[in-house]
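In the two assemblies presented below, chain A is common to both, partnered first by chain B and then by chain C.
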Partner chain A sequence: MSEIKIESLSKSIKGTLILDKVSLVLNSGNIYGLRGKNGSGKTMLMRAMSGLLIPDTGSVIINGKTLHKDISFPESIGILIENPSFLPQYTGFKNLKLLAGLTGNISDDEIRTALERVGLDPEDKRIYRKYSLGMKQKLGIANAIMGEPDIIILDEPINALDEESVKKIKKVLLEIRDKDKLIIIACHDREELEYLSDIIYEIKDGSIVDRKEISNDNTKTFEA
Partner chain B sequence: MTTLKLLKRDIKLGIIERLLLYLMVIFTFFSVKDCSRALADIQAHYAMQSSGTIMDYYVYCMAGMGFYQFDPTKGFLIPYLWFITQMGISYIIAYYAEKDFAENGVNVMVAGRNRSAWWFSKVIWCVLSVLIYFVATFAACSVFAMFYGAKPSIGVTDEFLKIVYGYNMTYLPYKDLMLIVFVVPIAVTTGICLVQMLMSFIISPVTSFAITCAVYILSAYYTAWFLPGSFTMWVRSSYFDVRGLNPLSGLLIAAFMVVAVVVLGKSYFERKDVI
Partner chain C sequence: MNTVKFELYRAFHSRTFLISLIIGSVICALDLITFCIMVGLGGRYLAQAWIGTDYLFAYNQMFYILLPVLACLPYGGSLYTDIKTGYDKNICVKTSRLNYSFAKSVSVFLSGFVSVCLPLVVNLFIAAGIYSNYLPERLDATSIALDDIYLFASVYDKHPAIYCLIYILIDSLFAGTMALTSLSLTIKVKSSFTAVVTPMVLIFMFDVFVGVEEYGNWSVMAMLNPIQYMHSFWYQLLIVYLVIFLVNVVVITLTSRKRAIL
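Moving on to the complex of A and B:
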């Protein structure tokens, strides 16, 4: 069971208020969608939940531990925020292996499984520099889901993916959610976001302005 | 534990995969060539038998320049071989840490889950890079020196050093010579490189490299404790020249720089947004 509790979180960057007293409680077993225009604060809210952004006021509490006070980053998290970035001279597998080595509890088999789930070949000898845009995106998703962390945060995960890959990713995310994981997604595609999400938050000018529960979600499974 | 895991990554990416950069120590060849010429002159004029040792060559290469006193009839000429040696390591450490943060900071920090550990790893990487650079410089100097006929000995030829640097050398015990030729320059260079690395995050790698370059040039012109480049030239040591800088104060300044960079960097990265 994971819980993210955000209490009156505000953040300004270079004098511009980008998050304005955001309060939210997110629980595992759900996919939360974040919707809003460009610059509305979705990505910054995701960064704050990931521990990458230091709040000016308010707090992010993960399973009872306050970020930047009790912990630097959530203890079990996978993220893909904006463009994925990996070491260009290594293969996808080697990139993930290096990162898994830092996380410490992810086996080679789990890395292979993550790559296969997003449609990448773990034995592919091509280096990251030679990857297409879609492959880079898939590797970013594989990085976020490898080892199935308790919290997964994905910013525009289906960007640059073809239709078949989108189906595959949706299936994977729903499977992971059903394992009582907490998933947060930002997506511009309204239909896809509504399909995937159990609850959608609308963000405008750094504030949560709407909350919408998606009614058909309890038994939602992927239909390929 | 996390620091060790991150350090393993930094050694692989920041040292092993960038070993070619250390080839710039071949510049020591020019210093060695100068030294060999000086040795040949001395052999011819003073009837010295020894062809020098690799330590003689290294001591010669790392001397830098004596005090500069303004003279309107003579221009200031930077000791370019010393300057190239010092800038070599500054160049090696200039970009890696900042680039790694900008390109991989999000993935690495989230995977490592520890901001301080990330910074400590970069500090240790920087210290290791400086040590490896000086080992490589000594090795290159030794190889070139042996090519010119130097003996593979770490002893020094008193006669040679006395003739080149004057009779001050008579009163300089070997352990003090090693302190001012190896320990102090390496310690102070480490401190300067750490400051440069921290500045590369706060301003930019190019600007911090340029500032380091300026500090070294100013250090050659003025001899002062606050221009730490002077400590990397052993002929400006008070052990060698009474007007010089006390090497122990060099060690203190180096220690201060290391501690300040570790503490300030930790505080900086604990408050820094990773965007």
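Moving on to the complex of A and C:
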């Protein structure tokens, strides 16, 4: 059971206000969608929730612990924010294995499972540099979901993916949500976002301007 | 500890580490080959043949001029690359910024240390396999002439191989610290290349400044060269090392704490 509580979060970068007194409460077992124009602050809000951005004022509280005060980073989180980035000289599996080594609590089997779930072959010997755009994106998603962390943050996860892969990713995300995980997604595709999300927040000029509940039925499952 | 292991793995498996080792080793090999061909195999001894104390050919100068680059090249530009590609995001959601900085610093320091230490040690060992460790003759002008006031002069007279090893340690420690300089410059520079090359430029500028001001024995390049063409005192060596090291540690710690990971 995870909860992210954002209290009056503001952040300016080089004099420009990018997040303006954002307050939100996000609970596990839901997929939250973030919608807004380019530059509205979606990605920055995701960064702040991941602990990558230090707020000027306000706070991000994860399971009762304040980021940058009680904890330096969320204890169990997987992210794909903007473009996926990995070491170009290693295979997908090797890349994930290296990153999994940072926490030490994700097994090789869990890495293989994550790769297979997004449609990548764990035994593929091609190095990351040789990957197509879609494969890179899938590896980014696999990195975010490996070990099924309590919080998953995905910025434009279906970018560069073919229709088949989009279906697969949607299925995986709904499965993970049903395991009482908290998922936050930003997506420009209105239809896909509404399909996946339980609640959608509209962001404009760094502020939350609207909240839309898509479905109260928490048992929404994937329809192939 | 996991983060340190992760960064060490990256540092010592990087292509730049290999390139740096190759450059250093080639210079050292060329020096020894030239020495063997030009000077011959007989009647010479280890303290004349080792690149650090061999003043006959330009390879000594070449190695010590390039030392800051050899030190920074392996992993000094890696933080810049991590930031530019967004790879640091993958790491900073799994460990704290300070941990990441510490791990990065340790691996940058060690990669700089090894990339300078290894060519010098290998050169010394190969030279020791060819030439005997006879005591250097002060008056025949075939080896560096260290008066008693020079650093480790008595060690050089009595145990020349130990003198070489002491300087390998000093050079390697400085190399590690110079590599840290490229790390602390990362936030301010605009390319990985600049991060790697700037420490060398800064050292040159400092050396020119102290040379102009007639304080040449504060020159970093002079301090590091076992030939000791300037007479520096041990405390100068220590002060310069500590200042570079501590400034780097403070800058790295301060910048990493508050840095937004975009």
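Note that in this section the second predicted complex is superposed on the first by the 222 of 224 C-alpha atoms of A that agree within 3 Å, B and C clash if a C-alpha of one lies under 4 Å from a C-alpha of the other, contacts with A are read in each partner's own complex, and residues count from 1 in each chain.
Following the convention adopted for this analysis, contacts are C-beta pairs under 8 Å (C-beta built on N, C-alpha and C of every residue); 3 or more make two chains touch, one makes a residue touch a chain.
The structure displayed is predicted, hence computed values, not measured ones.
Asker: Does the chain A-based superposition show chain B and chain C clashing or fitting?
Answerer: Clash: chain B and chain C overlap once superposed on chain A.
Asker: A:E75 in the overlay: touching chain B, chain C, both, or neither? Say first, second, both or neither.
Answerer: In the superposition, A:E75 touches chain B alone.
Asker: So in the superposed three-chain picture, is A:M1 touching just chain B, just chain C, both, or none of them (first/second/both/neither)?
Answerer: After superposing on A, A:M1 lies clear of both chain B and chain C.
Asker: Quick check for you: in the superposed arrangement, does A:N83 touch first (chain B), second (chain C), both or neither?
Answerer: In the superposition, A:N83 contacts chain C only.
Asker: Per the definitions at the top, what is the overlap between the chain A residues touching chain B and those touching chain C?
Answerer: Common to the two interfaces on chain A: residues 13, 47, 50-54, 72-74, 77-79, 81, 85-87, 89, 98-99, 101-104, 143.
Asker: Under the stated contact criterion, what part of chain A meets chain B in this complex?
Answerer: Contacts found on chain A: 13, 47, 50-54, 68, 71-75, 77-79, 81, 85-87, 89, 98-104, 143.
Asker: Chain A touches which residues of chain B in the complex?
Answerer: The contact residues of chain B facing chain A are 2, 5-6, 8-9, 13, 17, 103-104, 106-116, 270-275.
Asker: If we count contacts the way the header does, which residues on chain A are in touch with chain C in the complex?
Answerer: The contact residues of chain A facing chain C are 13, 47, 50-54, 72-74, 77-79, 81-83, 85-87, 89, 98-99, 101-104, 143.
Asker: If we count contacts the way the header does, which residues on chain C are in touch with chain A in the complex?
Answerer: Chain C residues touching chain A: 2-3, 5-6, 9-10, 15, 85-87, 89-99, 258, 260-262.
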